[in-house]
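One chain, subunit A, links the two complexes that follow: it is found with subunit B in the first and with subunit C in the second.
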Partner chain A sequence: MVQSLVTQQLATQQLAKMSSSDERIGDDQVKRLGQPRQRSDVPFFLAMGGLSSCFILLIVLMLAADVMFTSFADFRIALAKPEIQAAFKLTVMSCTVAAIASLLVAVPLGYLLSRYRFPGRWIVDTLVDIPIVLPPLVLGLSLLILFHLPIFGWELERWLRDDVGFGVTYQWPAVILAQFSVSCAFAVRTMRVTFDQIDPRAEDVARTLGCTRGQAFLIIAVPQAARGMVAAVTVAWARALGEFGPILVFAGATRMRTEVLSTTVFLELSVGELNSAVAVSLIMVMMAAIVLLVLRLLGAGPAT
Partner chain B sequence: MIELRDITIRAGKFSLENVSLEIPSGHYAVLMGRTGRGKTTLLESICGLRKIAGGRILIHGIDVTNWSPSDREIGYVPQDLALFPTLSVREHLAFALRLRKQSGIQVKHRIDELAALLGISHLLDRGVTHLSGGESQRVALGRALSFRPAVLLLDEPLSALDEATRHEMHSLLRQVQKTSRVTMLHVTHNSAEAEALADRRFVLADGKIHQQAG
Partner chain C sequence: MNRTLIALASSVVLLVGLLFVLAGDSSRGSNTVGKSTSGTANSLVLFCAASNRAVMESIRVDYEQEFGTTIQIQYGPSQTLLSSIEVSGTGDLYLPADESFIEIGIEKSLIAEVLPLATMRAVVAVPRGNPKAIKTFDDLLRSDVRLVQASPDMAAISKVVKESLQASGKWDELAKATVAFRTNVNDVANDLVIGAADAGLVYDAVLSNYKDLEAVELDELSTVISNVSLGIVASSKQPQAALHFARYVAARDRGLLHYEKNGFVVKKGDVWKETPELTIFAGSMLRPAIDATIKAFEEREGIRVSRVYNGCGILVAQMKTGQHPDAYFACDKEFMKQVPDLFPESVDVSQNELVILVQKGNPKKISSLKDLGREGLRVGIGHEKQCAMGWLTQNTFREGGVQKEVMANVSVQTPSGDMLVNQMQTGSLDAAVAYLSNAAGAGDFLDAIQIQGLECSIAIQPLAIAADSPNAQTATRLFQRLCSPESQANFEAEGFRWQIDRKSEDGSIVGDSAIGDSAIGENEQ
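Right, the complex of A and B next:
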């Protein structure tokens, strides 16, 4: 009896203590509420912005240095050279063909990788990335070996040249093939991500409405992937423009025949024509910018 | 008529064994059951989007177990609706008819008829991305009904709608059933909905389908 009374008393005391401390906390909260915020977000933006601007600044400074180095006369002289004119034409043509071919392969391959779980899928998935991780020179060398490896006396390049009448190595088709083998890998990645982001349920419902898988792909999935296709072409085109190592090894750097603008920069540089090399570099920057801009406008059109 | 004979469905760890169900032609059946019991899986199997591991599926007495979804002539409204983002409302209603190579006049006539029934005539030329929940629901329903399927499967069609729209849809669904005489299987976990709509009520529990009286 006595014990229970004591415990009761203790409990009451404790309750009283708690309630008084509660009041104190309440006061504190009100006090704190009245004060202005002490920690600002400025350091966050300074740190993030500062680090980000390092990269942006580097690009801007590089381009600015190029522009300051050249003069208008350099451009005129460079563009007047028939070799550079031929290289410009071949570059535009080969990049365009490589980009379109990449898209043609990337759309079905990206779709298959995104939608289906088939045996050996991970192997295909890994193989697609190989051109991305392979050193460019090694890729060019591998292409060269592929076309010239004798298999029981038969050789791909000799067969193509003599029987089909269409030589590849050290000729313009080699340029396109070298560009395609890298740019296609990037296009496949882009399309894969694109289809991953499109809900497959719509294609399922289309099939219940009477579509075959092929019709569901063409009528439902492909139109939804339009922006991804524009992005894939852009990436493929830009990659093809920058391609140098594989082209040098597989297509050579023959002036007027297999010379593209990236080879031009290298060739001009190697004969000490720095002005012309920089002028051509800037032309490439402009080409890339125009392609990016045009495709971005196309992509932002009806889809948004 | 929809008839499931001892079907077995396996999807990863989940499985339904030897489930049977029979819905007579022209009836409105409601299948109830708690979330995760396999109601959606069952519907997907009926319309052919999911392979079954055993048993038979019969539609009007024809064994369609191994048929592709495109041949089964089953209207399906999935829970997420899965409308086609690049098509207009009109194109949704015309979709199945164009696949069946119907003439322009037939298609137009059917679109007008459906749009009037569903009250979406004013939306025909709109895209589907900015439609409200109830409007999207009507478009999905119209798309599934357009080719006059013998069977219509509805997966929780009203769960995302507000109270008022839901009541509207109740009467619409009843009207659709009355005019088209389509055999309907409607999946829900809402007993009030089952009460309001069903001729036949089924419950999926413990891996079996039980018919409820009422």
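Right, the complex of A and C next:
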């Protein structure tokens, strides 16, 4: 541990020396730009704030409308339902599993795509984006087909169910797999941007000081990407929470079994239980707010 | 180790922990699956339109309590569920929002049996109190009325509305007045509740879930009616258990009570019995053609079918003395006509022709009806009063102008053709007039001589379901089974000619044919 910290410190110092000339140029530029202001900045802030507030206001108004549409009694009734309690529990667990699994895949994949130029890289880059652009129902259908396509008499789902004893389709693993398929794409995109923004010179320097690629990745790159990783988990978790189409097709919406909160909203809407649907929607909003807040606080802490 | 790596390692531990918890929950869930008292299955999967959730949940609770079989219900949009069945090949039952999806399922051979449950009628839904005073079709076209309806491409209700209104030339103006086409009727109703629309076309049954809405009935929509039916998935690994549950849902004193409570106009379903017993009366000649099909039906349904094979005259006499079978398969239409009160409507399934049976090689050189009048011949025929074959034989003799001569040689009259074949085999007869199907299994020792030029020598076999049968739906499924291509092959192998046309057969499956109407369509409560 001491050795790794020393290596990291040395690499950072070396990098600081190499970039000191750039910083001086930057200081000069700042001085030139720092002339006394001739006009007010108020219009700038008004324009920027005005445009920004459109979106913020829209969200606030939507939430306010939801709150006004429902009542506290609706919340109480919704939360008292065992089906919704089960859906809540499954939602929290499945989103967390999907988000962590997405991160575990996104970190190495994002790093590889950011740092290396390998044959077929553009194909991998394109494939990663496919779950983002694919219509959700198509993604669910594709998963369903994948697990049930007979290949010379062999079928993945049958094999998993009969030989491994672990069925996927219409079971809880299908919920996670459907969430993971989409969440992971967003997490990979986030991690790639994160690694793009981290200067690789620190890793190069670490290697000149005797680190292997693996050590440079673990000791230099990963700690610097901590905030990006929090962002990736956040995006993945949020994405998994809102996932609906693929879950409906691939995992179904069996009460107490594969029903998550997004499918609860659909089921409640389907029978005209608008109050209940809105109550569940607001529960999802609160869940998301709490989780995002916690993750943001984690992300704001020291990176290493 | 730096904090980030510690956090990563912790998240892996959390991941594994959560997976264990989920797997544990799942196995506990499967342990709670009860044992079926019917001994058929522990759990069934039902693909159910989300709009049927309220009614189906209450039926599920009752069924699980009564029989211990767990019903796993997958809710979703009807078309999505059908696609899931098609791709995954899983599931036992399918309950879409309306029957149009069942028809698609049948076309794709995804659905094997269909049990009609209820009907829904198209109405105009408006907010309670009808603030826009919508009373007529023209009110829907007013500029101050925001009308929404489901898309004709996606929902059966609008498809039928469109067809109905196109005939009267009113569809175009209605489409023009529609501010939005939604994917289903629930979206339409939700629009009204939220206040995004003033009127919408929905099924009346849907409104039972919406206390803030009320229905306005229009003459223009009075013919727009859709059926709700429950289908058995053809690839189900446990059809007996699936049909057990389906019969429960469709029983007038079980599942249909829930449907009625939820605002549906229910069909007159069967009276619930865990193992129903059907009785079918059938002419003796039909036994070889239908017995295997009935056995297969019994096995698939897990029920019993009592078969009474006899001469049709005897069967008619039994019915007239008070015995009421659930279905009757007559040897000829004439014997169906004799019990019109019990069987007001029937469908002609097959035909069978009379032939002259002679010993192998035709030692007596018999080539026509006239030859049967030759002196010294021993001729056997069916009994005129006891069986259709005998009645038909007398008609044929009369039409052929040989009745007097041949009857002089008749040494035996039996109630069925099988008995004549037996007597031919023992050599006690030189010739017999029987159905071609009677000779189907006797080709080794008998030859069949065709009777030329007499239309009346052909018997047509009609099948009917009793109007007062408490098991009309189950009997209708037996009828459908007897009309299936597999059954047709059996009939043809036994020397019968297939009479029922494909259109009628297909129609009967969805309850539109004469048999479907008699058994199902007119039994609405």
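Note that the second predicted complex is superposed on the first by the 250 of 304 C-alpha atoms of A that agree within 3 Å, B and C clash if a C-alpha of one lies under 4 Å from a C-alpha of the other, contacts with A are read in each partner's own complex, and residues count from 1 in each chain.
Note that in this section a residue touches a chain if its C-beta (ideal position, glycine included) is under 8 Å from a C-beta of that chain, and two chains touch if they have at least 3 such contacts.
Since the structure is predicted, the reported quantities are computational estimates derived from the model, not experimental observations.
> With the two complexes superposed on chain A, say which partner A:T190 touches: subunit B (first), subunit C (second), both, or neither.
The answer is neither, since A:T190 touches no partner chain.
> Tell me which touches more residues of subunit A here: subunit C or subunit B.
Partner touching more subunit A residues in the overlay: C.
> Go through the superposed model and pick first if A:L137 touches only subunit B, second if only subunit C, both, or neither.
So A:L137 only meets subunit C here.
> Give one of first, second, both or neither to describe whether A:L248 is in contact with subunit B, with subunit C, with both, or with none.
second
> Could you look at A:P223 and tell me whether it touches subunit B, subunit C, both or neither (first, second, both, neither)?
Once the two structures are laid over each other on A, A:P223 reaches both partners.
> I'd like to know which partner A:G210 touches here: subunit B for first, subunit C for second, both or neither.
The answer is first: A:G210 touches subunit B but not subunit C.
> When the two structures are overlaid on chain A, which partner does A:H148 contact: first (subunit B), second (subunit C), both, or neither?
Only subunit C; A:H148 stays clear of subunit B.
> Now for A:S276: first (subunit B), second (subunit C), both, or neither, which partner does it touch?
In the superposed model, A:S276 contacts neither subunit B nor subunit C.
> Based on the A-chain superposition described above, do subunit B and subunit C contact any of the same residues on subunit A, and if so which?
Residues 223, 226, which sit in both footprints.
> Taking the complex as given, what residues does subunit A use to touch subunit B?
Touching subunit B from subunit A are residues 199, 201-202, 204-212, 215, 220, 223-224, 226.
> In the complex of these two chains, what residues of subunit A are touching subunit C?
Counting only subunit A, the residues touching subunit C are 1, 4-5, 90, 93-94, 96-97, 100-101, 103-104, 107, 137, 141, 144-145, 147-148, 157, 169-172, 176, 218-219, 222-223, 225-226, 229, 233, 248-249, 252-257, 263, 266-267, 269-274, 302-304.
> Which of the residues in subunit C end up touching subunit A in this complex?
1-5, 7-8, 11-12, 14-15, 18-19, 21-22, 25-26, 29, 45, 49-51, 53-54, 57, 72-76, 80, 83-84, 87-90, 186, 189-190, 193-194, 206, 209-210
> Using the touch definition from the top, list the residues of subunit B that touch subunit A in their complex.
For this pair, the touching residues of subunit B are 47-49, 68-70, 72, 74-76, 78, 80, 82-86, 95-96, 99-100, 143-144, 146-147.
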